[in-house]
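Look at the two complexes coming up: chain A is in both, with chain B in one and chain C in the other.
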Partner chain A sequence: MPDMQPLVSDFVLKLKRRKVEGSHAVARQTAELLRSVVSQHRMGSSANQAAALADAVRAVGEQLIAANPIELAVGNIVRRVLHIIKEEDISATAVGIEGLSVAVDSDDEYDSEHDDRPALSAAVLAAHARNALRAPSLQTLLEDIPVSPAISLTASSTGDSDGKSKSGDKSSTRKLKHDVIAAIGDLIDEIDSCYEPISEQAVELIHQNEVILTLGRSRTVKEFLYAAKEKKRSFRVFVAEGAPRYQGHVLAKELVEKGVQTTVITDSAVFAMISRVNMVIVGAHAIMANGGVIAPVGMNMVALAAQRHAVPFVVVAGSHKLCPLYPHNPEVLLNELKSPSDLLDFGEFSDCMNFSTQDGSPLLNVVNPTFDYVPPKLVSLFITDTPIDVALFGEIACWFNYCRAVGNQ
Partner chain B sequence: MSQKKSRSRGGGGAAAASGDDHEDLARPPPLQAVLLADSFTLKFRPITLERPKVLLPLVHMPMIEYTLTWLESAGVDEAFVFCCAHSHQVKEYLERSGWAGKAGAGSMAVTAVESHDAISAGDALRVIYERGVIRGDFVLISGDTISNMCLKDALQEHMDRKKKDPLAVMTMIIKHSKPSILTHQTRLGNDEIVMAIDPETKELLYYEDRADNSQLYVTIDKDILTNNPTLQLHNDMEDCYIDICSPEVLSLFTDNFDYQHLRRHFVKGLLVDDIMGYKIYTHELRSGYAARIDNFRSYDTVSKDVIQRWTYPMVPDVISNCDRSESRLHRQGIYKASDVTLSPSAQIGANSVVGSTTSIGDHCKVLNSVIGEGCTIGKHVLINGSYIWDNVMIEDGCKVSNSLVCDGVHLRAGAIVEPGCVLSFNVEVGKNVVVPAHSKVSLLAQPSNEDSDEELEYADTNSGVTDSPPFSSMRSNGDQATVPSEEDESGTSETGTSGVVGYIWTSGDTGILEEWRQSIAPIPKEKLEELQHAVSEDDGSEDESNNPTLPDKDDSWDSVVEDDDHISKFEKEVEETFQRALGGGVNRDNLILEINGLRLAYSLQHADCAGAVFYSVMKSALVAAQSTNDTLLKTTAEALDKWKDLLRNYTKTVDEEMEILLKFEEMCQETTKEFSPLFSKILPFLYDTEVVSEDAILRWAEEKEHADESDKVFVKQSEAFIQVYVLH
Partner chain C sequence: MDIRRPPPRSSSGGVEPRFRQVGFVTSAEPGPAAAASVPAPPAAASPPASDGLSPVMIPPPLIPDHLPVPGHASESLMPSSPPPASSSRIDAVSDLDDDDNDDVDVSWARPPPPALPEPNKRDLTETKNEGNPASVAQKPKLSKAERRAIQEAQRAAKAAAKESGLKSTAKASDVSTKMSKQPKAGKAKKDVTQVNPPVASDKKADERLPDKDRKKDVPQPRMQYDDVQRVVKAKKHSVVNQSEAQNRVALFRHLPQYAHGTQLPDLESKFFQPDLMHPSVYKVGLQYLSGDISGGNARCIAMFLAFREAINDYSTPAEKILSRDLAAKISSYVSFLIECRPLSISMGNAIRFLKNRITNLPLALSESEAKSSLQSDIDRFINEKIIVADKVIVSHAVTKIRDDDVLLTYGSPSVIEMIFDHAHELGKKFRVVVVDSRPNHEGQGLLRQLVAKGISCTYTHINAVSYIMHEVTRVFLGASSVLSNGTVYSRVGTASVAMVAHAFGVPVLVCCEAYKFHERVQLDSICFNELGDPDVISRVPRGESLSHLKNWAENENLHILNLKYDITPSDYVSMLITDYGMLPPTSVPVIVREYRREHVWI
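Let's look at the complex of A and B:
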């Protein structure tokens, strides 16, 4: 797909130059790019259509991930798309060789969990997922899709289809591509509408006359609070301003426009105010495999304050932020040091950085990290758009499975 | 499929492209940029003999890469790279790095414009004008400018202003930055710039980048003051050398073919000569970074800014050259490529960068330094504040501090490179050789002052060069003393091991600029102390004159000495000003204004001024005259006649007239004894021209009556005159 290269390198450049930032924007654009990669992909007459398609996506995905490793959403979306391809491939195979599919599938399965529901074929599931206008929930993903033996499965199943359905090849590959594109479209819709299922739960969590504390500005948190307000809940919000980017100021403005009682505090006042707070609700940049959260800088302090005063610490995040990686890998960076100009006015401090009169070594150093890591034990609850809002233990268990499932691809 | 694509609005890139299209509709001509890939100076000699300045690596990336990256991210659609010296290298680089030949949607088209006879920015712009490629407003930048600023605001401001006033031809980007009080330099090693800006409209009214440090004052045309109700004077602004220009700028350069330098000629020309009423505006950079690498000092400073991430996202771990491996940021601002071979006992200090495949041996210490790719560094090496480029070999026990070491340099065991050195490509330094501070070593011989394929400095700096030979030859002698085989040809291996292979350049090429100002090395402690002393002395004398302290014997003595010193300095300056007036440069009114300015600057009395002016007039007469008394008398008479108005301006009261007489007397006794026989003859002239009145003469005579015999010499000499004329 040589015609895709300019688009890909353009997006790579944008990621590199940090022109596209923020999980939502990055996730959406990655999905869109991958969709056009898939649609431009020329289906050869080679044996394994799905594998070729997956390879193409993987190749692009690797470039994108390398372009800005801190935007973990890129990797998440690439993995989701790979997952979609595999899923569609299974269903296509299932449709193509109607009678055999169940037998083949169940032959390959040795998962006891799957044996419980042999009736539900992958095709039905995929169709269901497409029609439901939102992604399959984590549970269904984990329970119904045979992922762990994925590679062997695709190999074997295509081997089957290769031998048995040469005639239907052309139509089936077209169908596969079409289905994949449609599924990616659904994924994009899901990314766009991830706020809705999350904010649906707002009323259950925010009670009358409660005080909520948040840090910085997260669109998910904003929608969450809006939803509660729309349901005529009256509550107050403390917004920690989120230095040095002061996104909290923007959030405060937006909340006031909707008629929410808002108090802006400095980040350093979090400990002072936390005793009056009923719940902390924050957004995240990414949620890691161990349940740790990568969030805007200052979040760990808020989490510690919440733990100290036994205030629930709730993280709301769309499922595109769920990342099957562990945060101990320094290669993933987990942080990005931005320009010190957020903190200091260059002109005012220029005399502190006059190296000619300072013995050559810089005496003034400014560190401006973007993210904090909040360890899992400080998080009371995750709210995502997939319908699991179980307690932490269950969450992590699901996590583990999900990560194994998605991460393997 | 196409249907599908249109439904899904294509990929991310397509969406961006359509966004660009949209912007293009609002702004018909594409945004163009002219990038001067030649500095037209000699500041980076001797390195620039072999490689153009824009390709010199700044923290592992050629400077032009930063500039082009910035231009692209700032939304420039088309860039013209003007290359002159080493143009093939620049073009080759553009092709190799993929800048040239990229013409897709959303990316910037880069075209090289080549010319070999351009010797200045002015010539370059004239060439660009002749090509006729610039169709609308453009960004003018030189290839050694590092920036991450957002151009949108400045561009919008420029466009809006142009709509209102078509004469606003240029918007200059400036940045707040405090110059050092001691050296009067910006942190980039340039002289501090004095600008007058209208605070309302941001119009630039006055620009002086060569404000003389020793004078500590600037002269502003009074028209500026009368025409503008308010103006702000800045010395804390840094010129970023990023300009947004209208196409008129190019034609201005063509019309005024003597314009060479962008600032010294073009900006000043526009401001001073008021050509067709064109105006220049400024845009102050609020957030974002911009700096131009003009000399070694700024190379050092900007490198450190890059390492400290002021230029984000143009930092080593984020953008990397296509053919170079990524480096990662570790704690304390250490950037390391993944394949560095680092001995466990080696120590890398904060704010250092180490390139890929470099190996660093046992017990090395690397502090505040940038080490390029493929370098081999032996054991017990100390590298401090230095910039080591690619494939450098440093053997055991070397010490390199605050120096620039280019590609392929070989330092043999025990070599010591002292602060401020520049070792150009492939230079070899022998065993245990000490390269003295601030020396520049190259395999190429230093060209004579006249010919250089790259560029000449302008006439005003060349005048400095002519002064320097004694200084430089003295320096090179000093070099010979410390480095045994200085003039070894590159081929002589036998002596190569003991000394330095390469020529040590004399510092003549930088003119009379003192080396410490613009080198990589921090300013030596002694120099700082000296400067500190000078400043505190200035402060001290001011304090004394402003609030007299209790009479302490020593102190008062000191203050008198200082005061005398003060006045003599003042006199000297008045004399200089007067000389300029004689040369015809300044007219009389301005001269008075200037002298008054000086008087205020030194906070002196009107009477002091009278004395000083008189002194200058007499001095000028003395200089003009031959040695004989007759001619001296004649020229003095002429000079007095010519400048009597000026003198009268200062002799409003008897006291001031007295001052002149006393001064005259003092001159005759001390400084210019030539006048002493003529005292009584010149006095009538003064009287005739009404510079001194009879009251003053009488009072002077009276005062002197009680003085010592020696002091009465002149009174006696002129007794006859006093008797005859004044008393009757």
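Let's look at the complex of A and C:
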């Protein structure tokens, strides 16, 4: 796909230069890019069109992931698209099989007509049936499933098996592409509209006279609180400002516009105030397979304080943030250090910056990480756009949730 | 202890040995070491402590009726029951001669139960113990005038019968109503409120005196600023015109919050009205208000130096007694300083000390002698309790620093800087992580100092503490005060740092001078705190684009909270390093109880 390359390179560059940041934006743009990739892909007439398509997507995906490894949403979306491709393929095959078998069953008198479908051996049928019915797992998502050729790719539910089978490669490939593109479109819509199902859960958590604490700014949390306010629940919010980006100020302003009583506090005051807080609700950058949360810096401190005071710690996140990877040394490996100028003014401290010890290492280091890792045992509840899952056993529940989320495509 | 208790007597020249040594004694210990831990009164032993250092003292259990007590009312005060030794102690109590005695302020007012061997006390130069709650409980009520009469009589008797060499400072009886800061005083509830002792004492002096005789001294409830009448009353006396801040956070209505930036110009214009306030005190107040001086030790020292000058320039008006008038003046200065910025706990302790010394001035002193005695008291306090204490703390703390350590500190505690300097001079190889936070960015000053000395540093902000903690081997924190239940009251954010350190298994060492300890107990950071200027938070550095909260005051739904202090629970603290040595946080009430008396600041 030579004509796709500029688009892809463009996006890769944006990711590398951190022009695009934030799970939501990244996820959306990745999905759109992959949709274009799929639509531009020239489907060969070979047997494994789905596999070829998946390969193309995978190649692009690897480039994107390498551009910014910390944006885990990219990888999530790529995996989702691959899964879509396989699913569409399977469902097309299954419908074809279904149609065939229905035809076989219902049209007994047409036995003779269907005799010319010997290609559907029992084994192949069984294999496809298995694939269709198997719950999605990481293995099924990522492996290649051999696609039987010449299977009718009727996706319509009419079950009309006549005349659709063997309609020719052209129409089948077009069907596959069309379905995949439609499904990716659904995925994009789901990413955009992840806030509604989450916000619907707000009334189950927020009742009357609640005091809620949050840190920084998460759009999901904002929508969550808006929904609670709509339903006339009474609550107050303490917003920790979230240095050094101070996004807490933005959230406070937005909340106040809706009439929520908000108090802005410094991050250092979180421990002091948390004794009077009923619930901590925060957003996340990514949720790992063990239930650990990659969140804006400072969140681990809040989670520890919440645990100390037995305050529930609730993480709200769209399903595009669920990542099937396990974190290893996440504070260092899944983190990004930003410029020290956020913390220290270069001009003021220029005299200190010049010192160095004999072995050449500078006397003054400034550390400005962007993310923090919250271990799963500190989280009481995850809320995603699938129904509430209680993270009782951290990784199992989260993984299950991921599977369900992906499987609901 | 019990100020009301008339000094049992002491006309007999040195018959009853008042003191008995137990446990560690200092090198300058006069003879009676042998008498240590002997419950029986070392009868007829010459009064020990005839010179400078006196050991930890435990009053011998004497029987009251031995002693002729001047002032018969005192007899009635003598409970026949439990504390048999009360009289001897009372002796000490009444020893109002405050000859400027520097080191040895030994006075013993509390009768310990006779047979009870005192626990081994730590090495101490002086100790003063007052207030036996048990004995207090049995005091009959006396009216103020009666008590004063008793006091005067006792003083006279004492002066007459005073034997030399017995330097002891007894707890002055509460002659002046404003002096009722004695913690175990049966008569007065201890005015522990460092927030506004003078204002409170003005208001509460009357109620305090008669009724609370028998109560143990409990810290008096502090002034709560949501009590409208009290606030109005306080305002009447105030020098500074404060206007209440807008948009106050409801949870903190009990704390004062004023609109910042309004007082300074007003005060500056009043600077040249000399009758209001002594200029050096005024200057210190302005420095507090503008934030030029911050940090517990610095504020305390600045305040004391200002008072020293004020005392120097003071002259007793006609027909007034120096001690009372000066005490009143100091109270007015203190209330002015409170209006500028609420007192820190350490400053409150220091003020109590000073007031106590004032009231304990012997009447016989001339004005100049009294003034110089007070000045030397102030110098001694600053020297012993702050400067030398810091040196002791540093010497203890450097033993805890090993090579290749990574030490984390938060904010800018003065004593921590000294520790790092000293360790660096000793040649230890370590590096420092300075954690800082908004809005004051105090850590930047510390950072500069350390880098200038050649210590390699890492600088980060408090949100990144979890990130950096896995590299850290020790955490050193400073404190504004340590409370009786071992909780540490210090700059906001300290609790978060200690919590994260605890979660990562890193030991937390808190360094605090002993004069900052306090008997109070606080459960969380809301009960008592200081509110700073909220506008500082809305102003974001480098941020025109980021100043979203520019007009926050207009919106009634939006509040900004700038807390200054918070409470670190004692289970996060591994060790306290004080000038009494290295202790666990549970030892704080022991220190407060046993070693405070020596300084007569109660």
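Going forward, the second predicted complex is superposed on the first by the 307 of 409 C-alpha atoms of A that agree within 3 Å, B and C clash if a C-alpha of one lies under 4 Å from a C-alpha of the other, contacts with A are read in each partner's own complex, and residues count from 1 in each chain.
In this section, a residue touches a chain if its C-beta (ideal position, glycine included) is under 8 Å from a C-beta of that chain, and two chains touch if they have at least 3 such contacts.
The structure displayed is predicted, hence computed values, not measured ones.
Once the two complexes are laid over each other on the shared chain, residue contacts for A:368 go to chain B and to chain C alike.
Of the two partner chains placed around the shared chain by superposition, chain C is the only one that A:301 touches, whereas chain B remains out of contact. In the superposed pair of complexes, A:338 makes contact with chain B only, with no contact to chain C. Once the two complexes are overlaid on the shared chain, A:265 sits against chain C while remaining clear of chain B.
In the superposition on chain A, A:276 contacts chain C only, with no contact to chain B. In the superposition on chain A, the residues of chain A contacted by chain B and by chain C overlap at 331, 340, 345, 348, 355, 357, 361-362, 365-366, 368.
Those residues of chain B that touch chain A in the shared complex are 1, 4-5, 8-17, 69, 73, 104-107, 148, 175-178, 180, 182-183, 185, 187, 189, 236, 238, 287-289, 297, 300-301, 304-305, 308-313, 318-319, 328-329, 333, 350-351, 367-368, 384-385, 402, 521-523, 528. Of all the residues in chain C, the ones that touch chain A in their complex are 249, 251, 436-439, 444, 447-448, 451-452, 454-468, 470, 491-493, 495-496, 499-500, 503, 524-526, 529, 537-538, 540-543, 546-549, 552, 555, 557-563, 566-567. Residues 4, 6-8, 10-11, 13-14, 16-20, 29-30, 32-33, 35-37, 39, 181, 185, 330-331, 333, 337-341, 345-348, 350-351, 353-362, 365-366, 368 of chain A are the ones touching chain B in the complex. Put simply, chain A touches chain C in their complex at residues 241-244, 246, 249-250, 252-253, 256, 259-273, 275-276, 297-298, 300-301, 304-305, 308, 331, 335, 340, 343-345, 348-349, 352, 355, 357, 361-369, 372-373.
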